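Labels A, B and C are assigned to the chains in the order they are written; within every chain, residues are numbered from 1.
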C-alpha cells in the first residue's frame, strides 16, 4: 500500500492493512466466481455451477466481516482525511463486490436450468467473452485500488462502454432468435437475464473504480459514466 | 529520532487472571460520598481506561489504587481493594512499599529538577534495588528504553530533566515510574498537557507497555480511551455505570447513560 | 441565543480617533498617579542620599589618623635593671617608665630638625603624643624583650586634639579655650608636620584596637565590637538556622491541620512583630538572672538575637516550602518515597534559595539590633578582646551597634567622628550581606 508515512500509533496501520487485505481477498474470490460461472455456462458444466453457487457463501461472510471491521475502526479510531476515505471506500467496494458475487451466483443458477434446454449457438461463447471482459475490468479496478492509480481507474470506467455495447448486440441477437423460433424464448430469456446481469456487473465494477478515484483524488468523478445501453438514447428519441 | 517500540503480536491474556480487584469500594471526602459501590477487575497485561464527565470520581478512584489518597486528611476509603489477592488497605501494608509495585504517572509532566539519570535512578536507589553503580546504570538504561526515550537522551544523561520538551518529559516520567519495576502503572490523564504528536507517541508507548504491565489510564478524551484500551469503565456521579470490552462500549453500550455520554447527548 | 439583544442605552458608537470625556479623565488620573509615584520615589532617594552623605561626611575622616614618627632608644637602664631580659621582671616597669623615653625621642627629633621650641615647654611637646603610646610601647617591649638596648623606629598616635586640628575639628580659636591643648602646641604640631615627624596615615587601628577611655579618643577602635558581633552572628547562625528550618518543615509538612497548629502559626507571626526591647528584657530575666550567664557576654547576646531571628527564618522558610509545587511531592510519593524522603530529598533543596535569603536577611537584621543588647548589659566599656570560642563566648564583649551608641554618648567630638565611622562599617557589612543574599538566590534559582 503506498501511503506516504506510517501512523505514529502502529496499531492503526495494522488495522487499516487488515481490512484492505480482506477486500483484496474478497475481490479475488469474486473474480474467480465470474470466470468459473462463465466457464460453467460455456462448457455446460453443472457441477462447476454448483461450486460457484456454494462459493457465494464465503463472499457474503467476508462482506459481513468487513462491515464489522469498518464499524469498529470508525468507532475506535475516528479516522479523518485519507484514512476516512480508505475506510468508506472499503465499505462501498465490499457492497459492490457482494452484488457482483450475487450476479455470478445467479449466472451459475441459470446455467443449471439451461443445461436441460437446447443450446443457442454462439450465445454461450459470446456471454463468456463478455464475462471475461468484466473480469478484466474488475482485476484492473482492484489493481488500481492497491496502487492508488487514478488513471487506471478512469480507464476502467470508460471500458464499461464496451461491455454495454456487447450487451446491446446480444439484446438484438436474442430478439432475433426469439422472433425466429418461439421455442427459443425460454432459453433466450434466461440468456438475456444472464447478459443483463453481466452488464450490471460491469456497472458495479465501474462503481468500484469510481471509489478508487474518490480515494485518490478526494472527489467522485463527475457523472459522465458512459451510458450506451440503448435505453437513454431511446428515451431521448421519444422526447425529441 | 523518535524510537518506536518494537511491534508486538497479539498478547494472550487469560481472562480469568485478575491483577487488581475492587469490591464495594466507597470513598468519602469528609461528609460527601464521592465514590459509591464500585466493583471492577483490572486484568494483567491489559490497558483499562476510566472515562466519564468531570467530577465523576475516576481520578479519585485511580488514586485509591496506590493509596495516594492517604495524603488527603479528609479522605476515607471503605471496601476492599486487592492486589494479587492482598488487601492494600490492610493495617500491615506500608504505602511506600505498595507504591513501588503500583507506579503512577501524572497529568502534568513533573520530572525532578535533577539530571535525567538521577530522575530515573531515584526510585531504585531508595528501594535499594541495585547493589552497585553498574546495576543501577543497567536499570536506568532498561527503564529509558522501555519508556521509548533512550535514543533521544542517551548522550545527555546528566542534562537536567526539565530541559526536555513536554512529550519527552512525560516519557521520562513514565520511564521513572517503570524503573521501580512495578506490576501496575496508573496514569492520570497523561496526555492532557501534550500536543497531538506527543500524545500519539505516548499512546504508542502505552500500547507497547502492556506486554509487561497492567495499565490503568484515566482520560477525559473518549477517543483516546477508544484508541488505547482493551477494557473501558464508564464512571458517572461516583458510580461505575458500565465496564466492558472497549469495542463493545463504543459500538453497542448496554447502559443508556453510557450511550448518552459517548454520543455527546445530554441527559 | 443570539436573538437576545442588549438594552438600548446611551452607547452611541463614535470614531476611534476621537477620545471621549471618560477616557480623557481616566488618562489624566493615571498620569497624575504616575507623577505622584515618581515624586515619592524621588523624595525617598533624596532622603537616602542626604542621610548617606551626612554620615560619610562625618565618618570618612575616622579612617585616617595622625601619627608621630619617632626613633626611640630603649634604655636598658630604665627598662631592664636586672639585665636578664625577663618579661616577668620587666613587667614591673609601668607605663610611667616608658613615657619619658618617648618624650626624649621627640625632643631629640625636634632638635635634629632645628625646629624652634620657643613658647612651648618640654611637657607641652611631650603632650603632643597620645597618652596611649607608652602602653603600646610597653606591650611591644614585653613581647620582644630582645629589643631593649636598641633604637627602634616607631609610629605612635598623636594626641586627640592634634588629630582634631589636622582634621579641622579643632581651630586656633577653640584651642585658646581648650584645657587640653594650646595654640602654641598646635603651631608646634604644624612645624613637626612640615618636618615630616607628624604624618597622617591610614588608621588600621580603627578596626583592630579595643575601645579607649574618654581622654584618648584617638586610640578608640572597633576591634572588640567587631569580634563581639562576629561571635554573636556565629551563635545566631548555628542556632536559629537549624531550629527555624526544622520547626518550619514540621509545621508545613507534618503537623496535623488542627487548632493547635493554627494557634502556633498565629503566635509565630506575632513574634516577628514584637519590639526587640522585649526580647532584651526576656534575655535579662532568663539568661542572666535565672540561668546565671555572665553579663555582656556574646553568648547571651547571641541567644537573645536567636530568639529574635527565629520568627523571621520560620516565616521565610515556610514561604519557600509553600512555593515548591505540589507536583514534585506527588512525583516523589508516586515513585515510592516516604513523606520524609520526599521532603528532604526534593522539597528542601528546591526551597533552599528562599531559606538562605531569609536567613541572611534575618542575620543582617540581627547585626543591627541595639535595644536588646543594651538591656543585657553590653553597654559596658570593654577593653580586652574576648578569647577564642567556645570560652570566648562567655568573656565580656561589645557589639557594633552598641559601640556606636556608646560613642555618641561621649562628649569629645572625636568620638562623634568615630561613631559615624562605625556606622559606615556597619552599613558596609549590611550591604555585603544583602548582596550575598541576592547573589546566592540568583545562583540557586538558575538551576531550578
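Note that in this section contacts are C-beta pairs under 8 Å (C-beta built on N, C-alpha and C of every residue); 3 or more make two chains touch, one makes a residue touch a chain.
Here the structure is a predicted model, which means the values were calculated and not measured.
Asker: Return the chains common to the contact lists of chain A and chain B.
Answerer: none
Asker: Which chain has its Cα centroid closest to the overall Cα centroid?
Answerer: B
Asker: If you average the Cα atoms of chain A and of chain B to get two centres, how far apart are those centres in Å?
Answerer: 50
Asker: Using CA atom averages as chain centres, what separation in Å is found between chain A and chain C?
Answerer: So the centre of chain A lies 102 Å away from the centre of chain C.
Asker: Please compute the C-alpha centroid of chain B, do the same for chain C, then give the distance between them in whole Å.
Answerer: 59
Asker: Could you list, by residue number, the parts of chain B that touch chain A in their complex?
Answerer: Answer in residue numbers: 2, 4, 7, 197, 200-201, 203-204, 207, 223, 226-227, 246-247, 250-251.
Asker: For the complex, which residues does chain C have touching chain B?
Answerer: The contact residues of chain C facing chain B are 256-257, 325, 327-328, 330-338, 341, 345-346, 350, 447-448.
Asker: Provide the residue numbers of chain B that touch chain C in the complex, in ascending order.
Answerer: 66, 68, 71, 73, 96-97, 99-100, 103-106, 108, 110-113, 122-123, 126-127, 160, 173, 176-177, 179-180
Asker: Given the complex with chain B, which residues does chain A contribute to the contact?
Answerer: For this pair, the touching residues of chain A are 7-12, 71-72, 75-78.
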